[in-house]
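Below you'll find a set of structures to go through.
Here come two complexes built around chain A, the first alongside chain B, the second alongside chain C.
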Partner chain A sequence: MATTVSTRPRPGAGRQRPAARRGPVSGSPWLWLMPLGTVLLLVLVYPVIEIVRLSFTDASLVSGEPYSVTADTYASLLRGTDFRHTLQVTFLFVLASVVFQLLLGLAIALLINGAEKRGLRGVVATRAVVLTAWAIPGVIIGVIWSLLYQETGSGVLNHGLSLLGFSGNTPFLSDPDNALVSVVVANIWRGTALSMILCYAGIKTVPEQVYEAARIDGASRLQTLFRVTLPMMLPILTMNLVLATVETFNSFDMVLSLTGGGPGTATQVLALDVYDQIFRQLNLGRGAAMAVVLMVINILVIGLYVRLIERQERQI
Partner chain B sequence: MRHPPSGSVLSRRHLLRTGGAAAALALAPACASSGSGPRSAGWQAIPPYSLQAPDPKRAAYLERELAAHRKRSAYGIQPLVSSNDTSAAMAKLLLQASQGRAPDIAQVDSYIFGRVARYAQPIGPHMERLGLKPADWFPSMRREMEPRPGDIRGLQFTSDLRVLYYRKDLVRTPPADWDEMTGMAEPLARRGYSVLYPAGRSEGAVTTTLWPAYWSRGAELFDRAGEPAFVSGKGYDAMLSCLQAVQRSVDAGVSPRRVAGYDQEDDENPDIVAGRVAMFLGGSWQAAALDGLMKDENFFRRWGVAPMPTLGGGRHVSATGGWMWAAFTKDEKKIAAGLDWVGSAYVSDRGMATWCSLGGYLPPRQSIYERDEYKQDPFTPVFRDHIVRYGRARPSDRKYQDVSHTMQIALSSVASGTAGATEALDQALGRLVG
Partner chain C sequence: MTRRTPIRPAPQAGRVRAGRRRSDAAYYAAMLLLVLVFAFPLVWVASLSLKTGSEVLQSPPSLLPDDPQWGNYAHVLQTTPVGRYLVNSLILVAASVSGALVLSIPAAYALSRFRARTRGRRTFSRAVLAAQLLSPLIIAVPVYRVFVTLHLINDYVGLVLVYIAISAPFLTWFLKNYLDTVPTELDEAGRVDGCSRLRALVLLVLPAAKPGIVSAAILAGVTTWSQFVLPFILVDAPELAPVSVGVVNLQSTSGEITTQYLAAGSMLAVAPVVVLFVVLQRHIVGALTAGAVKT
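On to the complex of A and B.
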């Protein structure tokens, strides 16, 4: 059948639309970006510049007290064993927390997904219960866990241990080694919820046809997990890793209420050290220097994430 | 040719006007001084001392007083609340005061008042109007209120001190020093009774456990130049002795290592109520609190009070504390209005008697102890005597926060067994002086 070209003019074709007025506002993107740019400048760029500037001084929190510009704040951080110890504690805290948050979050997400597929009841309730930990403020989590860890027979965990035949006087928070483990456990409990939600979302992005293809090819459950599910979830897992790492590096509210960094400096993480320096010891310069170190660590972690994502996208 | 309506296109002038107005509105609150209008004075307190007090009796008392004050005063009072974290609250107040943004009237912890005093306004001229006599305050507290003689900058309205509490059925004669206390407690420890003191990372721990023992050796925390005086010599020996005394009491099994997690004196209360404690170093406010917690027995009948143990010397010392009101506004009318309010509720004869009764505090004014409104417990006369004989306030040197924080870490390290006394002290000195 031959196609015909309509020669009828389109409605309104004869009437020329007036050229769009290109005023100074609608034409330029910069004026539209100015409000957001101003906000970012005020709440992000300026504070960062100010913190870096203060890190090169020995200023105290009290305005008007004289201070001098010096690089000695950084030199004293490098010289002293304190800061090295704080970094060591922080890295141990972050490593243990992130690894277990990821593993537990993934495990719970897989279980919930499996339960959903089988039509089991209580899946939504389970998700809600797990998410509750995420909704609780860090300070309250510290208070809750300090009650659990109480080191007398009236402590919940100690009482439970005594019923199982163990000693009811385990020093969860007063022994320096136990204290770090206790803080890590509390942090894992706190962070698993977010990890679970992200892993669950990642599992849902894997198309059902891929699982079907794997089943047809005779893949076992473990093979499906390691050869299909995890590789397809890699972007989500990477983002999960970065979020958990940055959040754990910056976390101090729970540690503050649980141990305050003690006993001694056994649980003194970097973010808490910054808080102590500035608000307890009023050492703004030294606190700012530590804050800059923390910021650099976070930037490196995020930079690594960006590189990984770019590499994955290039591979795709 | 018909022009489209001009209102449908945003001109640059319109946009700049709107943006400028939005910026002015956003910045306006930052320009106002903290919390008060032209005919009201901003009054800032920490939550337990404010209308948000968790104790309903305190909150009700303050609400009644404020309502009565508002009826009789032409000036309003604008309540402001700071944080429960007193360290952060005082740090913020110090920052605000140094920038001229502090509230008109604010509550200040006595140990930090020395640093804040230079920003506070003189309130001596108001004392007579308020019916207050500076000589009525205990001398050690009056010295804190007056950075220079005659120049009163603060009104202390609560005080407390530290004492040794002992079970009268377990300890016949209270020990005079730390070694005697540890020796006496060893057989009691075998029976399941312990000696407690706060040894965590907190101001309360060093104030109770370290400073009184250190001062009992005749040593000072700071030299004339404001530098730590325990870097070497007599001060070093005294501080080392304090930490060694703590180490001995923990190593002997007399004090459990969990004292390293006791930040406040009140953290000892569960053990005390459970009947597992023979002696403890605590605050004067704990007596009334414990009597309330012990339903089945009378705390005052079972327990006795003695001066804080020394470190081998005969000189008992107890650290005192408390809270002050200070005025930061330069407006004399606001100062008068604010002082009228805090004076009536917290500092006047009736106000201080009532407030200290409600909170279990010791009045810093001597005449209040004679008043019927002030509810005393059986230990109050002892506490009053200790304030006069042994009371000593913490120093207000610029480096006090550094020293306190560093020694908190040392104390906690020794009590938890993380470090020995010498190692902990040397590490602390490394942090302080490099």
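On to the complex of A and C.
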């Protein structure tokens, strides 16, 4: 990948001394890697294996050990309509969130980069304000938006809508269709910050000379954007897409404090459903099976990413 | 596609300046809109937190409270454990980030300095990505069962261990990239002087890598501060809850008439990170940018 990170004296210097290029240290790195490896095995690898095992049982969270092995958990997920509904809600939630997070993140990054190049004032402050959303815990974002979405005339968003001539009593969270839209809007607000900073980093990887060349060739601004900037930031855009997708599939903290999955199950996303099954309804087996579905989705997204990256690397 | 002619007639200088000024204004307008959209939710909550109970229910709402009720904050601090939650979060973040650094620095050093094939490294960086993207919820369930057996529920030792495991892969990868930029001559000089490898790392390499370590620690700290699922499940004593869980507790006990207290609690919960963020803004942007570029 072409980067402009200038603090890396490494590649040229290393190649002159083949012995040093392989690393100055012979001997085994295992001792150095072992502490980390042990913790990861215990806390990351073991749970993954365990959750797959549990998903084939009818275990409950309270009754503990005596349970029977069964594949019925998956069969019942497929049979029932609840799980299909959850998946539908989840895909809508993820699709809408990710599309807007990426587009807005990109637009804001371009704006900030443009303003920076013109030497305008307030760029750093604007960037900081956008980024604070990233630093606020998801549950608190849910609480904050639940305050904005107050459904009476005293709610600020409702007041805003009434000034625009709409009803001032919009049921943002108590109407099932509105609720999903409201959750998506709050989630876009939350996730745009990270998307913006990744895009911003991507824009910075495009060397100034390339723009110079485009300018000399008489490329218009739109042409420069679509023919130069975006293609060159493709690796970062891809990573951004994957991070946003997986994060949104996994997210349930904001939804929990904003709607709790409701009204009914209108905003019951997959991760929230897993939590609900296991810790509220104590159905460990069924919840574990859902968790495995969630994990498989993540693996598919990451797998796709790796394929894309490999193809991009081959093209470069 | 029609291409514009490369050579355009030079426009009059005055027109260029006017056009430039107009597009500068467009940039300023767009930035103002951005600030409004992204700052407004917090500004509104701040306003709610300073209102009286009846003002909160007033319709239409007003942005500025008539008579700012700073006492709401005192009330929240006295009647709810928000202060305690903040301290808990601070302890958890400090312990987890330092623990994760203790594990990741040797690992990053090994990956940066020892002989390793490129394929191994590529596998490693992908494994790190995968580990980072694994939902904490998936980890929480089996860990919960183990912790119940080991009586580690409501014990920070267990929770910190899980936090460490979650942030260590990212830290290792980030630090490995940073250590790659620290010249190996530094370690070699230490070895010549008779330092052990560990001493060379601690005395020579780490000081040189300090900016990278600080960036990594900030990023890991912010994500640890935001953790919700794990403490929500692994800690059920209310007095041990970190601030993310604490605000949810606050929300569940708050009704319409106490909205202003919920708002004040949320502001208190958010304030430390937001302040830290504004102060360290450049550093954080630098860290995020560097991290993103090196993937």
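Going forward, the second predicted complex is superposed on the first by the 279 of 316 C-alpha atoms of A that agree within 3 Å, B and C clash if a C-alpha of one lies under 4 Å from a C-alpha of the other, contacts with A are read in each partner's own complex, and residues count from 1 in each chain.
Note that a contact is a pair of C-beta atoms (placed from the backbone, for glycine too) under 8 Å apart; a residue touches a chain by one contact, two chains touch by 3 or more.
Bear in mind that the values here come from a model prediction, so they are computed numbers and not experimental data.
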### Task
Evaluate whether chain B and chain C can sit on chain A together after superposition, giving fit or clash.
clash
### Message
Quick check for you: in the superposed arrangement, does A:Ser154 touch first (chain B), second (chain C), both or neither?
### Response
both
#### Entry: Which superposed partner A:Leu282 touches (first chain B, second chain C, both, neither)
first
### Query
Counting only touches as set out at the top, which of chain B and chain C does A:Trp189 meet: first, second, both, neither?
second
### Query
Of the two partner chains, chain B (first) and chain C (second), which one does A:Ser76 touch, if any: first, second, both, or neither?
first
### Task
Give the label of whichever partner, chain B or chain C, reaches more residues of chain A.
C
### Query
Which partner does A:Gly264 contact after superposing on A: first (chain B), second (chain C), both, neither?
first
### Message
Quick one: is A:Glu50 in contact with chain B, with chain C, with both, or with neither? Answer first, second, both or neither.
### Response
second
### Segment of chain B that clashes with chain C, given the candidates 8-16, 62-70, 80-88 or 332-340
80-88
#### Entry: Shared chain A surface residues [contacts with chain B and with chain C]
23-26, 35, 152, 154, 278-279
### Message
Taking the touch rule as given, give the residues of chain A at its contact with chain C in the complex, in rising order.
### Response
1, 3, 5, 7-10, 13, 20, 22-29, 32-33, 35-37, 39-40, 42-44, 46-48, 50-51, 54, 108, 111-112, 114-115, 118, 120, 122-140, 143-148, 152-156, 159, 162, 168, 189, 193-194, 197-198, 200-202, 204-205, 216-220, 235-236, 239, 242-243, 246-247, 249-250, 252-253, 256-257, 271, 274-275, 278-279, 284, 287-288, 291, 294-295, 298-299, 302, 306
### Query
For the complex, which residues does chain A have touching chain B?
21, 23-26, 31, 34-35, 38, 60-65, 76, 79-82, 150-152, 154, 169, 171, 173-176, 259-266, 276, 278-283
### Message
If we count contacts the way the header does, which residues on chain B are in touch with chain A in the complex?
### Response
4, 9-12, 15, 19, 23, 87-88, 91, 94-95, 98-99, 115, 200-202, 256-261, 263, 270-271, 274, 276, 398, 401-402, 405, 409, 412-413, 415-419, 424, 427, 430-431, 434
### Task
Within their complex, state which residues of chain C touch chain A.
3-6, 8, 24, 27-28, 30-31, 34-35, 37-39, 41-42, 44-45, 48, 56-61, 102-104, 106-107, 109-116, 126, 129-131, 133-139, 141-143, 145, 161-162, 164-166, 168-169, 172, 180-181, 183-184, 187-188, 197, 222, 225-229, 233, 243-245, 247-248, 251, 259, 262-263, 266, 269-270, 273-274, 276-278, 281-282, 284-285, 288-290, 292-295
